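Next, two complexes with chain A in common: one pairs it with chain B, the other with chain C.
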Partner chain A sequence: MIAPLDAVLDPVARTRGVRAVVLAAEDDGVPVHAITQTDVDAETLTALGCRLYRSARLASERAGFGASSIMHVEAEGGQIVVARAGNRAGALVVIVLADSDANTGALRLVLSRAATAAAEAA
Partner chain B sequence: MSDEIGRLSDLLAGDPASLAFIPLADALRRGSQPDVALRVVLRGLERHAYNADAHDVAARIYADIGDRERAKDEWEMALKITTGHVGALRGLGFLAFQRGDLSTAERHLRDAAERAPHDAGIRTALDRLRATRAVENGSNGASAPAAAPRGTYAVAEPLGELLIDANGLVLAGELRDHTGTDVSASVGAELTGVRAEAEQALARLGLGEWRALSIDAASAAVGLAPAPNGAVTLVAAAPGTAPGLFRRHLQRARQRAVSFFEATV
Partner chain C sequence: MTRAVEPWLATPLARFVRDAGVRCALVLEPSGRVLAAHGFTKSVDVMSACALAAGIHATATELGRMAQDAPYGALHYRGAASQLFLSPLVAQGRVLVVLAVFDEDSSLGHVRVCFGDMVAAAGSAPVGAEASRPPLDADFERDLSRNLAVLFGRA
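Right, the complex of A and B next:
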């Protein structure tokens, strides 16, 4: 039997190009559950992903754009996508690290589904 | 901001029946404390259930946190209490725009403009809305930025675009929020700060140089991309803008940034 959080993250982890997917509490930046490839340090990814998402979320709110649901950073060597699970600030977030050539549309789709499932499971 | 919140909190503590809860809730909303702002305004509404401005502020808070249904309820309530309430008309126009109901959005904004003819923000929002409608209708209206031929896809133009230097100062462009206020400077200062955070994170993860950072927020899709000389280009588009189209907007903004520096060096 697949554990509930594995069931939430597994579809993301199986998406082509995904190297790591982590469910974490935004406030403390510590992983709640993670599925990663061996070369990815889940704790570092979570800490940096949560911090960056929090920074972007607060800046967006202060700039008057309101709460943010997804943040996407593209870089030469990969991409990081963070989706908020639930409507409250400080909620759970799902963080994905993927290759730079991973299909962005597919990533956003599976990540949104995982965030919804995580919010329901929380 | 915190001084204002403190002053209004003291005022409300001294007279709990006063209307100070309205500016206090709005200040808390602008200070990114939506949960507290909501508690304050809902408590105030228990005493002042028929205050249109209070419902207007409640609606803004709901809009900020992405609860459009409640925002709509509150703005409709404000309109029932005060016919022609400008804030409510503007808010309902914004919500209609978000869900793609451009004719309703135009009707609300036109009503707001008639009641507040000197409000430049409403006028600008109305002009942009009409330009968007002209594009979607494939007309050749003078205000349309680039009319799409009939039978092609409608292309929604971005809400605004900024070029910001390495110090967070606006070099070019303009951006207005849903109330029509020019927010270029504050948006530039706030969001370019995220760039340094992103660069640090990417360096720690060994991912190299950043290419773009985008945020899907309640009232806009916002994107940042690096520009020459340490500058950043920023694009804001209506929430729900197709991600692929948004990426093209951002790419074009980057090209314009390069042209800007070539022309000004």
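Right, the complex of A and C next:
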């Protein structure tokens, strides 16, 4: 299963400014597959990314907006973007850690494609 | 509320509980003697949970030795409404056991990351004279009763 998952995540990992991309189960917060730079702790990124996304999804659902498909956090030193793969709550998510100057539009585009591919591969 | 028989465990356990969002947690010796607890209101629950956790830990340790010549590490059980995380904690030259129960407000990944922080904090915590002598079998029951009394304010 590693090769297909590499194919899903590789286009995101090759995007300029991306330091890590992880496919994870939202419920567990544990990496299923990850491509990261050596200084990135994939387990911590996954655990915190899933927790952030879960909170955002629950807030969106309880506000009556439906499930959130993508969550984007911009900070001084970088960005975290999480996209849901598939429609089932608690399913797979793709988490990206990127530099602050990474192109946000390009990031969201490749991430959406990766999330779609991950849902199809699951 | 976090209570500890050995004060050096109180802060690492309290932080772990807060950061990981676990419902209840215990730190015990592999013998089943309780050292710290959070989220328990009855001493009998602590005593039962410690005995069961010690049993699971002993089983996993021996199975690991049989299968791979080394004890297994952390264990995780997923239930319908809650999940259980059980792991050895090596700190201050001792092997302890941590049991944590969490629900959908947390996740296995998050608990694992926060447990890593707890291991680091426990490893560098200042240990006073209370940190413990190895338990003697003859003292086990007395020590267990004393520790439960300390945790539940009857000492």
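Here is the rule we go by: the second predicted complex is superposed on the first by the 120 of 122 C-alpha atoms of A that agree within 3 Å, B and C clash if a C-alpha of one lies under 4 Å from a C-alpha of the other, contacts with A are read in each partner's own complex, and residues count from 1 in each chain.
Rule of thumb we're sticking to: a residue touches a chain if its C-beta (ideal position, glycine included) is under 8 Å from a C-beta of that chain, and two chains touch if they have at least 3 such contacts.
Remember, predicted model here, so these are calculated numbers, not experimental data.
**Student:** Following the overlay on chain A, give me a clash-or-fit verdict for chain B and chain C.
**Tutor:** fit
**Student:** Touch test for A:Gly29: chain B only (first), chain C only (second), both, or neither?
**Tutor:** The answer is second: A:Gly29 touches chain C but not chain B.
**Student:** Could you give the angle made at the Cα centre of chain A by the lines to the Cα centres of chain B and chain C, to the nearest 10°?
**Tutor:** 100
**Student:** Check whether A:Ile70 is in contact with chain B, with chain C, with both or with neither, and answer first, second, both or neither.
**Tutor:** first
**Student:** On the A-aligned overlay, A:Ala85 touches which partner chain: chain B = first, chain C = second, or both, or neither?
**Tutor:** Neither partner.
**Student:** Touching A:Leu52 in the superposition: chain B (first), chain C (second), both, neither?
**Tutor:** The first partner, chain B, only.
**Student:** Please indicate which partner A:Val12 is in contact with in the superposed arrangement: first for chain B, second for chain C, both, or neither.
**Tutor:** A:Val12 sits against neither chain B nor chain C.
**Student:** If you stack the two complexes on chain A, which partner ends up touching A:Val94: first (chain B), second (chain C), both, or neither?
**Tutor:** neither
**Student:** With both complexes overlaid on chain A, does A:Val110 touch chain B (first), chain C (second), both or neither?
**Tutor:** Neither partner.
**Student:** Is it chain B or chain C that touches the larger share of residues in chain A?
**Tutor:** Tallying touched residues of chain A, the top partner is B.
**Student:** Just to be sure I read the superposition right, which of the two partners does A:Ala102 touch: chain B = first, chain C = second, or both, or neither?
**Tutor:** Touch partners of A:Ala102: none, neither chain B nor chain C.
**Student:** After lining up the shared chain so the two structures overlap, which partner does A:Thr44 touch, if you call chain B first and chain C second: first, second, both or neither?
**Tutor:** Touch partners of A:Thr44: chain B and chain C.
**Student:** Upon superposition of the two complexes, what minimum C-alpha distance (Å) separates chain B from chain C?
**Tutor:** The answer for the closest chain B-chain C C-alpha pair is 9 Å.
**Student:** Taking the stated contact definition, name every residue in chain A that is touched by chain B in one complex and by chain C in the other, in rising order.
**Tutor:** Comparing the two interfaces on chain A, one with chain B and one with chain C, the shared residues are 44, 48, 51.
**Student:** Note which residues of chain A are touching chain B in the complex, please.
**Tutor:** Touching chain B from chain A are residues 44-45, 48-49, 51-52, 55-80, 87-89, 97, 104-105, 108.
**Student:** Show me the residue ranges of chain B that touch chain A in the complex, using the header's touch definition.
**Tutor:** Its residues touching chain A are 30-32, 34-35, 63-67, 177, 183, 186-187, 190-191, 193-194, 197-198, 200-202, 204-220, 222, 236, 243-244.
**Student:** What does chain A use to touch chain C in their complex?
**Tutor:** Listed in rising order, the residues are 24, 27-31, 43-44, 46-48, 50-51, 54.
**Student:** What part of chain C is in contact with chain A in the complex they form?
**Tutor:** Residues in contact with chain A: 104, 106-110, 112-113.
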